[in-house]
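These are the structures, in structure tokens.
Same chain, two partners: chain A is paired with chain B first, then with chain C.
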Partner chain A sequence: MTSKITNRIALSVIVLCALVMTATLAALLGYILYHGLSAISLSFLTKDSSSFQAGGGIKNQLWNSFYILFATMLFTVPLGLCGGIYLSEYAKPNKLTHFIRSCVEVLASLPSIVVGMFGLLIFVNYFGWQYSILSGALALTVFNLPVIVRVTEDALQSVPRELREGGLALGVTQWHTIKTIVVPAAFPGILTGIILSAGRVFGESAALLFTAGLSTPNLDFSNWNPMSMTSPLNPFRSAETLSVHIWQVNTAGITPDIQTIANGSSAVLVLCVLGFNLFARIVGKFIDRKLTGKA
Partner chain B sequence: MNQVYIKQNVEESHQNMKKASPVLEVKDLNIYYGDHHAVKHINMPIEEKSITALIGPSGCGKSTFLRTINRMNDLIHGARSEGEILYGGINLLTSKVDVVQLRKEIGMVFQRPNPFPKSIYENLVLSLKFSGIRDKKKLKDIAEDCLRKAALWDEVKDRLDKSALSLSGGQQQRLCIARALALKPKVLLLDEPSSALDPVSSSKIEELLLKLKEEYTIVIVTHNMQQAARIADKTAFFYQGELVEYGDTSQMFSHPAEKRTEDYISGRFG
Partner chain C sequence: MENKSVVVQMPSSPNNEGRSLIQNNKKWTSIFNRNSEWRGKIWIYGSAIFVILSVIAITLFLTVQGLRSFVVDHINVIDFITGTEWYPDRAENPSYGALPFIFGSLMVTILAAMLAAPFAIGSALFMTELAPKWGQKVLQPVIEILVGIPSVVYGFIGLSVIVPFMRDHVGGSGFSLLSGALVVGVMILPTITSISADAVRAVSNDLRSASYALGATKWQTIYRVVLPAAKSTLITAIVLGMARAFGEALAVQMVIGNARNLPNAISDPSATLTTIITLSMGHSTAGSVLNDVLWSLGLILLIISYGFILLIRFISRRGQVS
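Now for the complex of A and B:
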């Protein structure tokens, strides 16, 4: 009898926790979308932001966010993959690899504002790249690299040992086994992890405040010469991203429609991150089905 | 039932006596895991184009011994081996041996079917592509040949591009055997290949092995004594890391020389 009661109490507590979590998310999303969706329009998404008049858009900020995300992924994915493969497949359990693993963990738990200050010192000042897309992307690389390493290592670890042995027993070298059997088998997990981390990078602001800057030069979207200062592609120009824009508008904005812009930007940001998550799930499921032949 | 098989085996092994010559010669083999002495002073030949069964209770070292022949045990942290396994006069256990080349000549099939999560065709040609064969026609021919040898061709010929994981357990295991044949190995090592399968799939594997031994030398670890009696020409009984008895299967199952062998095959322990 008592064990039955204990069981019920435990179950209710767990269900309650789950409810609180879901409710929080629903309330937050509902609030942001309720206030923000009405602010989103085609002109809001395609107009330049204005510094003191009402009716500014977020075109440049949106572009910057995606550009920095792309640049960050360009640095992190190859590095993170290699790191993850090393830790999972080659690293022998000894002091050195233990140390490397601790470093990855510490790096993953660094507050992003600290990463931003580090970026300011190294990339912005020491290397003299100023507030730029490059500095921002490199700071975000520091921020995102440990996540990708971890995700890769975990995904590879979940590949059964039998598959590795199967490859080696066929007279295939370790590297070729990893390349053609283990990594493809872990690919859905790795890809899902990468896309989810993209959501985190996309919404990051603190690490960018002092690295990518708080302003964007006037961009000419017909000029695709990456060396030109007004080109959207120039990696050496400063770039205010969407989440930095939300912070900036709220703390220092002087336009009359601050509230609308902040609401609209937040809704766009949240929708993008939601989109990443959904995309990750769909892609992961699709590949998994293809590999296991259930499609 | 067993009697009949044993009789067949007697006749077969008599035929084998004439043509048989050892392809592998194990000399004073010792295998250790750290301080644990897992396999002790093994001496035995493995004869060409015949089936040698390794039997014994769990943990007796038979799988360890099998995995040492193609150096798969190198992958286990702390495992080391002493002694000799001679293959064409070369000791396989020295560091000079190219294990990649060795595993091409001595193939292996594992207890649990381990098809790669790729198409059936890709499973078969993966090792060939690694060996540098690029000719599509040639790859296709070898794949078909292997599938026919593994008695799987008729079941999968229309869906070679489907995932190997869509096959049943028994089909997966025959695919793994077919995959191992692609490189034309001399020796095929099988580590309890049918223990994870249902009886029908299991008997298909046995039929297959009896056919394959005309071309390949087969060493099989099995927990199933009837299986050993049905298909093996030679049987080796392992107990606590030692090779207790080695000889003709029919001989061992009808007149075991050692008391421990008799106790094990009559089901008194193990």
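Now for the complex of A and C:
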């Protein structure tokens, strides 16, 4: 009898844990969206942020976030893809491979602020790029690389062996087999992983504090010359991203409407990240359907 | 791609006779193929080397920079690690004691793990043992979304919900070690849950069947069979969560209160290694003692992170043997 009662109680506790978890998410999302959505308006999204007065927007921060995300992906995707291909297809089980795997693991578990400090030391000071989009993007490359490597390796590992054997049996070289058969077969998994990691990069802040900076110069959105200091495209200007902006406003903001700006920015940030997640799912399903030929 | 090479090479081939043209094509195709294999390998090995180089560079540069305060500024290592007074800006006799930050970091990490681990493992058991369908349909997406929410947003919500709540119900300013641990605890909840769920799922079904066949209840099976079988991976999951909690910077910084003293209670404001670096790095000039000391704090952060990595390896290796 007692064991039955214990069973009941213990199982209810487990259910309670799951409920707490779900409730936490519901509360978090509910709080952000309830307080944030009312703060989002067209003018909030398209106005410059102000440092003293109320009513500032997040146009530049939003642009910076996407620009840094784009630059990071430009560096990470080829590197991560090749790293993943190496580990899955070329690596022999020896000490070097073991070492590379350890390196990927170390990179993945380093605190992002340590990556930021490294960026400060190397890109900002040593290479003299100052607080810039380029420094930020390179720091985020270090931060994001292990994720893409792992995603690619996992996706390639799940490709059936027969496909590779088929390619090699036709007398095609290994690289050609990988390029034309294995990678396309693993493509849905890789793409989904890349989009999900984009969400992570988009929300990252600690690695950007010391690399992309806390301020943005006045941007002129009609000036598209990438060398000009006021151009939004210039990779050598400092750039405060949306997530850094949320931190900055909350810790050092002096405008009267801090709460509104923080609410609105958080909501935009979370909506973007949710958008990435949703997009990854849709793309994954769409490609999967196309490849498997199900209607 | 091969055709392209042929088109490019044809005009330069001196012989325009049909048969040798074909031979020529063959020759160029094979060279190009070999080149492509070669070029592919350059890319592949290049990125593998890049991964290695970045790890070595991070470790090396942070170590060199972090040792400056001991080598150049002659601060005693023992005093630095065990000192409790952090007054780098004092004009006379400035003191650099990092113990409050090391203590704060470890406390936040341990408290966060203590708060998150029970809920995480409970949720993992729910997903795998009680209601796999619900787990797949509801909890899996919940975990994925929770992982995706950026850390500053957790910090911001901590600042606007947890801090006022603590102020009203626990007392003090509300900025405290406990608030920090709560925020980070929620952050690492999904990390621990998803790895724990994998661990529990990996337990062989034969074990469960055997336990049921002996007349055990579901809970007895979970407690006596499933959890012990998954023990080492569960511990790995918790340590991974702790590593993440340890490295978190901005979310903690927003709610912990940033006091420089050792806290007397968990409701006292405090600081961690990451928060003091976040706060002071921007204000210090390169080459100054304060700057060097901050890099030393960064080095401690790096060393403890490596410690976590080694710990995880140790646990998972021991799990494999037994």
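Side notes on the structure shown:
Heads up, the rule we're going with is that the second predicted complex is superposed on the first by the 277 of 295 C-alpha atoms of A that agree within 3 Å, B and C clash if a C-alpha of one lies under 4 Å from a C-alpha of the other, contacts with A are read in each partner's own complex, and residues count from 1 in each chain.
Definition applied: a contact is a pair of C-beta atoms (placed from the backbone, for glycine too) under 8 Å apart; a residue touches a chain by one contact, two chains touch by 3 or more.
Keep in mind that what you see is a predicted model, and the values were worked out from it rather than measured.
In the superposition on chain A, contact of A:F44 is made with neither chain B nor chain C. With both structures placed on the common chain, the touch criterion links A:V104 to chain C but leaves chain B unconnected. Once the two complexes are laid over each other on the shared chain, residue contacts for A:I178 go to chain C alone; chain B is not touched.
When the shared chain is aligned, no partner comes close enough to touch A:F123: not chain B, not chain C. By the touch criterion defined above, A:W63 reaches neither chain B nor chain C.
When the two structures are aligned on the shared chain, A:A262 is found in touch with chain C, with no touch to chain B. Across the two superposed structures, the residue set of chain A contacted by chain B and also by chain C is 173, 176. Listing the residues of chain A that touch chain B in their complex gives 92-93, 160, 162-163, 165-173, 176, 180-181, 184-185, 290-294. On the side of chain A, the complex with chain C involves touching residues 3-4, 6-7, 10-11, 13-18, 20-22, 24-25, 28-29, 31-32, 78-83, 85-87, 89-91, 99-100, 103-107, 109-115, 117-118, 120-122, 125, 142, 145-146, 149, 173-176, 178-179, 196, 199-200, 202-206, 209-210, 214, 243-244, 246-247, 250-251, 259, 262, 266, 269-270, 273-274, 276-277. Listed in rising order, the residues of chain C touching chain A in the complex are 33-34, 36-37, 39-41, 43-48, 50-52, 54-55, 57-58, 61-62, 65, 118-123, 125-127, 129-130, 134-135, 138-139, 142-146, 148-157, 159-161, 186, 189, 193, 217-220, 222-223, 240, 243, 246-250, 253-254, 274, 277-278, 281-282, 286, 295, 298, 301-302, 305-306, 308-309, 312. Looking at the complex, you find that chain B touches chain A at residues 70, 72, 75, 77, 100-105, 107-108, 110, 112, 114-118, 126-127, 130-131, 162-166, 176, 179-180, 182-183.
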